Each structure stands twice: as structure tokens, then as C-alpha cells.
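One chain, chain A, links the two complexes that follow: it is found with chain B in the first and with chain C in the second.
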Partner chain A sequence: MEKARIALLLVALAAALALPFTAGPFWTGLVTQMYIFGLLALSVDLLLGHAGLFSLTHASFFAVSAYTVAILHVRYDVPTALAAPAGILAGTLLALVFGLAVRTRGVYFILITIAFGYVVWGVAHRWSSFTGGDNGVTNVPFPAIGAAAITSHTQYYYLVLAAIIVCGLGYRVFMRSPFGLGLRGIKASESRMQSLGFRTSAHLYAAFVLSGALASFAGVLYVYYNKFVNPVAASFPVSVEAALMAIVGGTGTIIGPFLGAAVVLGLRNWVSSFFEMHASIMGAVFIATVLWAPQGLVGIAGRIRARWRKARRG
Partner chain B sequence: MAENALRIDELAKVFGGLAAVDGVSLTVPAGERRVLIGPNGAGKTTLFHCITGTLRPTRGSVKLFGRDVTRLAEYRRTALGMGRTFQITNVFPDLTLGENLALAIVGTDRRKWVLHRPMQAYEGVRNQALESLERVGLAGRADQPAKLVSYGERRQLELALALNTRPRVLFLDEPCAGLSPAERQRISQMIAGLPRDITLLMIEHDMDVALGLADRVTVLHQGRVILEGSPDEVRANAQVRDVYFGHA
Partner chain C sequence: MLTSAVLQAINGVSLAALLFLLASGFTLSFGLMRVVNMAHGAYYLLGGYIGLSIVQKTGSFALALAGGGAAIVVLGYLIDRFLIRRTGENHLAQVLLTVGVAFVLGDVALQIWGGDNLMVPAPAFLKGAVVLPGGVYYPKYRFVLIFLGVIVGLVLWLLYRKTQLGAVVRAGVDDREQVNATGINVDRLFVMVSALASFLAGMAGVAGGAFLTLYPGAEWEILVYALVVVIVGGLGSLEGAMIGALIVGLLDAYGRWLLPEFSYFVLFGPIALLMLFRPRGLFGRDH
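Let's look at the complex of A and B:
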């Protein structure tokens, strides 16, 4: 990596570590959300940015995992050490089923994932005896493993920060692995990949399950932050926003989905404080991104840097 | 004794009411270099697609070294030793030439499933990719994205991709299509220099290239084989002249 980029990452890390001391609890909470939804956006981008599959069902894994953790904690008093892995497992099992969507491509893939998403939302919404219906499941405690217990939002902020750093590093290895390169190959030319000996549907299926597992992990982080989960977590807009975060930030990168999450959540918080129809502002941002900056913020940064270099040379 | 690398029986592919391939039988002994010729629309590429598994034939069978592969998926056929190039250049434009080849190299083994190790850590893959690029005349280009190299170089890359799946039978679909005379010569020399134990089935429009490389030639017309013979026999045949070159 270039020195400039390492320096930038170190500055960002220092700022992230200092945040709870310099900003108030409101900002700490908002940034925690940015990390969590950034991770969800990253899971969506695993398919979108690398394999070229546009999934609109990732809220399902996120929510199923969150519900599993919440229900185990609140109703069965299961400790974190079991509840959190169970959440990831439940979301991943669902991804094993929904992964069948990779039998389709393009617009059919998008449509089938939308349909899957509505099934999960419908269950969360209507099966009230189990899911709590619209009220959802409330009073989820902070995570605690043995004597190590989180007792404040500040502590939880650091836990989430550590989690996304670990995920980001793991993701980086994955991107460069033969498997990750294979996904980019499929995105570029599936027919060529098949003739090179790749069983592309199996490759995409594995990527789908992996991506679902990552979304499930984001769901675990979410429910401990939010303290409750209701059908909104499983709703279509959550899936759409996760995809749009990835696009606004820059697909095919690690930092992009997190930047996108920061923009979307930051803008929504700010605009909604003075403008009722804040959703339309978000819409406008997405349209502008797709039209003028399809590579997202990361792409814009790259273009500015290229221009700089040119100016310095010329 | 010459084992048959490829045996095709009564293969047909019907699109709607049109039989693009209409009962083709073909036997290619191991090690032979066979060229398929025929006018546009003769069904050459469709026949290729049916043999390599891109398309399912309507009827008929395909045997690779005696093994029936008619119903096997394309990736399985690649694993069994079929390698191919495409008529319309089919490489990975956003990946570097080195990455293009790395995919071809790991495609036929288990390393393609590895998640926890960067591709670059596989020194063997890197070396094989560099060697292969050098062999097709692309030395020193490993780190360039495929979309930035010339069309002719992409054709060379296409050939290198096919060769790195360790093919026993290699299918080349108009390897020289759209190339300048100099580039064409370079590619045909490359093909001529391939190891003789690779059986070759090749579609080629350029008669000089085709007849220069072929041990035997099969002429296809309207989905059927109309002649099979040595290059000299084909050159001398009046019927071929008629369908292939048009009426004089």
C-alpha cells in the first residue's frame, strides 16, 4: 500500500478511537450505526461489486439473525456466547436456502430476491405470537461473555469498531484470494469462466452464503445496539438502502460501503431534523450518484487524485 | 493404434424450425489437427458449442476419448480435457493479463475455492502465467489490464487462456478472425508450434491458414458434412469450390 493511503487510514483510525471522547453520545450512537449498516452494505457489495449480482434480500439475513439473538436472550435467557453465534447461524441457514436465487441472473435475480425479502418481512410482521408482530422483541441486553460484559454505549462502540476492522481485514484477504478473483471473472464473463473449468453457479452460491453470513453478523451487532428488533429491520427499504450505500460509497471496495453508510445515515439524520420529506432528498442523492458518479465517492476521490497528478506533472 | 480423441454421432441442434447442425458425425483421432471450414451459416460455431457444452444438442452424442460427455456441463468437460477459444474474443477486460491467466490456471484444480490466501501468494501460478504470456508473445505485459491491450494481443491472450486449462483436445473458433495479415501469421505459427499430443479442432475462414495447419479438413454446409479429406483433396474438390467460394 502507498504511504499516503496508510497515513489516511491511520488518521481515520485515530479519529474513530477518539470519537467517544470528543463528540457526545448522540454522535457516538450515530457512528455506531454507520459501522453496522456499513457492514451490511459491505455484505451486499460482496455480491454486487464482485460478482455482479444485485441482491435485494439482505435485510432478511440481517433481521433473522437479529430476531434470533433477541428471542434467545429475552425469552429463553440464553447467554451471549450462544445467542450471538446462533444468530449468525440462523441467518446463514436462510442464505443457504435463498442462495437458490443464483440459478437466475439479471433482473430475474433482483425480482426473486425482492420476493424472498417480502416473505421474511411478512413472517416477522404477521406471526405475532413468535415475533411479537409490529412491536417486535424488546429489552435485548448488552452482550456479555463470562466476566467480560459491555455496560455502556461507548464500550459497545469500541466493540463494533473492532468487529468491522476484523471484518474489513478478512474481506481484504477474500478479495485477493483465488475465490474472490473468480467472482470478478464471473462478473466479467461467465461463459469464459465455465470454459476455464469453473462451476460458476456453485461459485456464486458460495459467495451468496458468505455474503448472507456477513449480513447476519451485521444483524447481531445491530440488535445489541438497538436493544430491540421489529419488522422494519426485515423490510424492503433496508435492503435497498444497503445496496445504495454500497453504490454511493463505491462498489467493489472495502471503504466504499462504509462511506456510503456514513453519507446516507448522516444526511438522513441532518435533513430529517428540518425537512419532513427527507426520503425524497435521499432519492435525489441516489439518482445523482448513478447518473454522474457511478463509481461512488471512492471513484470521485480517484478522479480528483488523477487530475492532481496530471496538474503536477503538466 | 490411434485412439479417437473425439467422436461425434448424428449430432443435431435445432433452433425453432431451423436445423443449424443437422446430423453431423465426425471422428478425430488423438493428435490430429482437424480444420472445419464452410461458408457463413454452415453451423460451425453451433457445432463447436454443442461439442464443448455451451449448447445442449437436440440429438446425437459426443464422446471424448471414449467417454460420453453429451450431457455433461461445460466445466466438467473442461476438467476432462476440452479447452476452447471463442470466435468473439472472450477474456476478462477489467483484470490484468496475469490475473486472466491465473484464473485459467486454477480453474481446473481445487485452488479456485481458496478464500484465505491471496492469489499472489501462489508463486507457481504466477510463474506459469508469466511463462505462458511469454510463449504467446505477451512477455512483460502481466500487469496490464486486458482492456488496454490491442485486439490482436487479446486474441493471443485468448489462446493462452485455453492452453492453461491443460487441454487434451483444443477447440479454436476462428483464432485469426479480424487480425491483420502479420498478426494472423503470428497466431498460426503459434498454433503450428503447439505440442503434437494436443488434438486440435479448429474453425478457420482463411483458407491459407486453414489448409496450412490441417492434417485433415471437414467441410460443413447447411449443417451437414459434405466432404472430409486431406487439404489437397479439399482444395481440388469442385463441390467445395462451389459452396465455399461461390460460383465462379
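Let's look at the complex of A and C:
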């Protein structure tokens, strides 16, 4: 990495560490959400930015994992050390089934994942004896492993920050491995990868399951922050907003989805303080992104930098 | 038990009729223009609301059907011309863009018509029940809906398979450049097909609003049903939309009756099976 980038990352890290002391509980809570939804967006981008598959069912893994953790905690009094891994496991198992969708490509993949997402939402919504219906499951405690217990939102903020840093680093290693490079190859030209001897469908299936596992982890972080989960977590808008975040930030990068989450959540928070129709604002963000910033913020930054370099060389 | 089974069959077929109105437009606009329009559900809801206001002002249900459809034709044309056209053939961009459009339309509808469940009043002569053999009562309106679905299906099928216009559209589905090169104005064809799709969606909203009611969120529920119809039948195929609508309508009715908490699962089963054996749907082909 170039020196400027390392310096920028260190400044960002220092700002993130200092945030709870300088900005107060409202901002700490909002930024925690940005981290969590940024991670969800990153999981969507694993398929979108690296494999070229546009999934609209990631809220399913997110919500199934959140429900599993919530139900185990609240109804069965299971400790975090078991409940959290069980949540990730449940979401990942669902991804093993929904991974069937990689038999299709393009529009069919998009449409089928939307339909899958609705199955999960429908079950959360209608199977009220188990999921609590529209009220969902409430009173989820903070996580605690043995004597180490989280007791405040500030502490939880640091836990989430640590979690996304670990995920980001792991993601980076993974995407630079032969596996990640293979995905990029499939995105660029699937038929070429096939003729090179890659079993592209198996490769994409593995990526789908991995991406589902990452979304499930985001679901675990979400339910401990939110303290409850209801069918909204499984709904189509969550899936499509996660994809929007990845695109607004810039696909195929690690920082992009988090930037996108910050923009989308920040904008919604700001706008809803003075304007009632925030769904329209979200809609406008979708439209504007497609028409004017399809490469996202990272793309815009890249263009500005290229222009600046050209001017300097001049 | 047997009478319930029969009643559910009628429920299923009448839902199928409604789904066909929506899915046929969706599938034709994909087949010809390669456009995935996720705002179709919002067209349905908005058409329904506009129809409701027309019924309240004039008392005419027929006028509501026509007016709801016509209003969506205008709206659909503007959205198509100024937004969707700019995405080219990038499906990802189309999906995001039209989801955004649907968010805006849904929000506007919420501001105008509020958040309550609203029912479009059916005309007096369609209210009440028919007595079926065996002494079972069934709402008359649902039968009329089935009739409407069959008529529209028949007209579309004849237009598509038996007229010159239909032949041009079919040729356009197969190879757009070639059709353009033979001197046919493909752009005008697109506008016509997309107007037809919008009209059907708006009309479906009025027809559906009279028994499923209209409420915020209905646009996504109905859209997903229409998507499943299209996935099962095969994207771009009119016959597929007919068969798919029947399959989905019947599965939904029996699912709600036999497994009320898991009725969405009952829909999911056939999609999963289809994907294992025919990923392109029953009548679909590679796009």
C-alpha cells in the first residue's frame, strides 16, 4: 500500500476510536449502525463486486441469524458463546439452500433471490407462534462471554469496530487468494474460466455461502445492538438498501460498502429530522446513483485523483 | 372438505387471473425491450388508488378500470422515456432505478390516500354471491375477475400469435436489430407494448383492489407474486405467464388453506424444483 493510504487509514482509525468520547451517545449509536449495515453491504458486494451476481436476498441471512440469536437468548436463556455461533450457523445453512440460485445468471438470479427473500419475510411475518409475528422477539441482552460482559453502548461500539476490522482484513486476504481471483475471473468472463478448467458454478456457490455467512455475522451484531428483531429485518428494502450502499460507496472495494452505509444511513437520519417522506428520499438516492454515480464514491474519488495527477504532470 | 377444496380452486383461479394481468405486462416488456421494471407493483397500487378515487367521484367501476389503467399509461410512459431508457440494457441499473421509482410512488400514494386498508367498491350488480351446485355460496365478483382474466388472456394471445402486429413483436423478441433493419419502427413498437403493460398493471390494481384491498406495502407483495409467475413460466413468454399464474394462484390458495403459516414456503417449493431441472422456467429461453 502507498504511504498516503496507510496514513488515511490510520487517521480514520484514530477518529473511530475517539468517536465515543467526542461525539456523544447519539452519534456513537448511529455509527455503530453504519458499521453493522456496512458489513451487510460488504457481504452483498462479495457477490456483486467480485463475482458479478446481484443478490437481493441477503436480508434473509441477516434476519435468520438475528432471530436465532434472539430466540435462543430470550426463550431458552442460552449464553452468548453458544447463541452467537448458532446464529451464524443458521444463516449459513440457509445460504447453503438459497445458493441453488447460482444455477441461474443475470435477471433470473435477481428475480429468484427476490422471491427467496420474500419466503423468509413471509415466515417471520406469519409464523407468529414461533417468531412473534410483527412484534418480533424483544429484550435481547448485551453479549457476555464468561466474566467478560458488555454493559454499555460505548463498549458495544468498540466490539463492533473490532469485529469489522477483523472482517475487513480477512476479506482482503480472501479476495487476494486464488479463490478471490477466480471469482474476478468468472465476473470478467465465465466461459473463459470454464475452458481453463474451473468449475464456475461450484466456485460461485462457495462464494454465495461465504457471503451468506458474512451477512449472518452482521445479523448477530445487529440483534445485540438493536435489542429486538422483527420481520422488517428480513424485508426486501433491507436487501436492496444493502446493495445500494455497496454501489453508492463503490463495488469491488472494502471501504466502499462502509462509506455507502455511512452516506445512506446518515442521509436518512438527517432528512427524517425535518421531512416526513423519507422513503421518497431513499428512492431519489437510488435513481440518482444509477443515473449519475454508477461507480460510487470510490469511483468518483478515483476520477478526481486521475484528473489531479494529469494536471500535475500537465 | 370437498367443497372447501373446490372453493379454494376458485380462489386460486381468480388470483391467477389477477396475477396474469400483472405478469403478462412484465414478461412482455422484458421479452421485447429487455426491461426489468420493479415499479410494476407500484403501478398496480397507484392504478388501484386512482380507480378508487374515480369510483368515489363518479360511481362507475368500468370508468375506474379504464381510468386507473390510462393514468398509469401516462405515468409509465414518462418513467420509461426519461428514466428507464437511460439505463440501456444494464439489468442491475434497471432494478435499482425502478426500485427507487417504486419507493417514491409508494410514498406519494401514502401521502395522498393514507395508510389504511382501502377497498375499491365493486358495482352493485357484481356484489353478492352465486349459489354453486351443492348449495355453496361464492362471491360473484371473483367469477367476473376470472372472466376478465380469460378475456384479456385470449385477446393478448390472439394479438400475439395471430396478427401481424403480434408477429412483429415476436420477431422483435427474437432479434431486435433485424426487425429494425427491415424498416419497422421498433421504437414505436416499444412504446405500444410498454403502454399495454402499464395499462394492464393499472387496471389490475383496480380489479385487485376490489377484493385484496389496497394498502402501503401491497405493491411489493403483489410484485413478488408476479415475479414468481414469471420465473415459473419463463421470462418473456406470454404462454408461460398464463401457466405460471395458474400454478402460483392455485398453490397460494391451497397453501393458505392447508398450511396458513407457511404459505410462502408452498410457493418456494416449485421454484426450487424448477431451478434444479429447468433454471429458465417452463417456457423460458436464454437471454
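Keep in mind that, in the parts below, the second predicted complex is superposed on the first by the 314 of 314 C-alpha atoms of A that agree within 3 Å, B and C clash if a C-alpha of one lies under 4 Å from a C-alpha of the other, contacts with A are read in each partner's own complex, and residues count from 1 in each chain.
The working rule: contacts are C-beta pairs under 8 Å (C-beta built on N, C-alpha and C of every residue); 3 or more make two chains touch, one makes a residue touch a chain.
Values in this document were obtained by computation on a predicted structure and should not be read as measured data.
**Q** Classify the contacts of A:294 with the two partner chains as first (chain B alone), second (chain C alone), both, or neither.
**A** A:294 contacts chain C only, not chain B.
**Q** State whether A:13 touches chain B only (first), chain C only (second), both chains, or neither.
**A** In the superposition, A:13 contacts neither chain B nor chain C.
**Q** After superposition on the shared chain, which partner residues are touched by A:112: those of chain B (first), chain C (second), both, or neither?
**A** second
**Q** May I ask you to decide whether A:199 touches chain B, chain C, both, or neither, giving the answer as first, second, both or neither?
**A** first
**Q** Please indicate which partner A:247 is in contact with in the superposed arrangement: first for chain B, second for chain C, both, or neither.
**A** Only chain C; A:247 stays clear of chain B.
**Q** Who wins on chain A residues touched, chain B or chain C?
**A** Of chain B and chain C, more residues of chain A lie in contact with C.
**Q** After overlaying the two complexes on chain A, where does the chain B footprint on chain A coincide with the chain C footprint?
**A** Looking at chain A, the two contact sets are disjoint.
**Q** Quick one: which bits of chain A touch chain C in the complex? Just the residue numbers, please.
**A** 48, 54, 56, 97, 100-101, 103-104, 106-108, 110-112, 114-116, 118-119, 121-123, 126-129, 236-237, 240, 243-244, 247, 276-277, 279-280, 282-287, 289-291, 294
**Q** In the complex of these two chains, what residues of chain C are touching chain A?
**A** 30, 36, 83, 86-87, 91-93, 95-97, 99-104, 106-108, 110-111, 220, 224, 227-228, 230-231, 235, 260-265, 267-268, 271-272, 275-276, 279-281, 284, 287
**Q** Taking the touch rule as given, give the residues of chain A at its contact with chain B in the complex, in rising order.
**A** 173-174, 176-182, 184-185, 188-189, 191-200, 203, 206
**Q** Flag every residue of chain B that touches chain A in the complex, lowest number first.
**A** Touching chain A: residues 52-54, 73-75, 78-79, 83-84, 86, 90-95, 99, 102-104, 106-108, 111-120, 122, 161-162, 165 of chain B.
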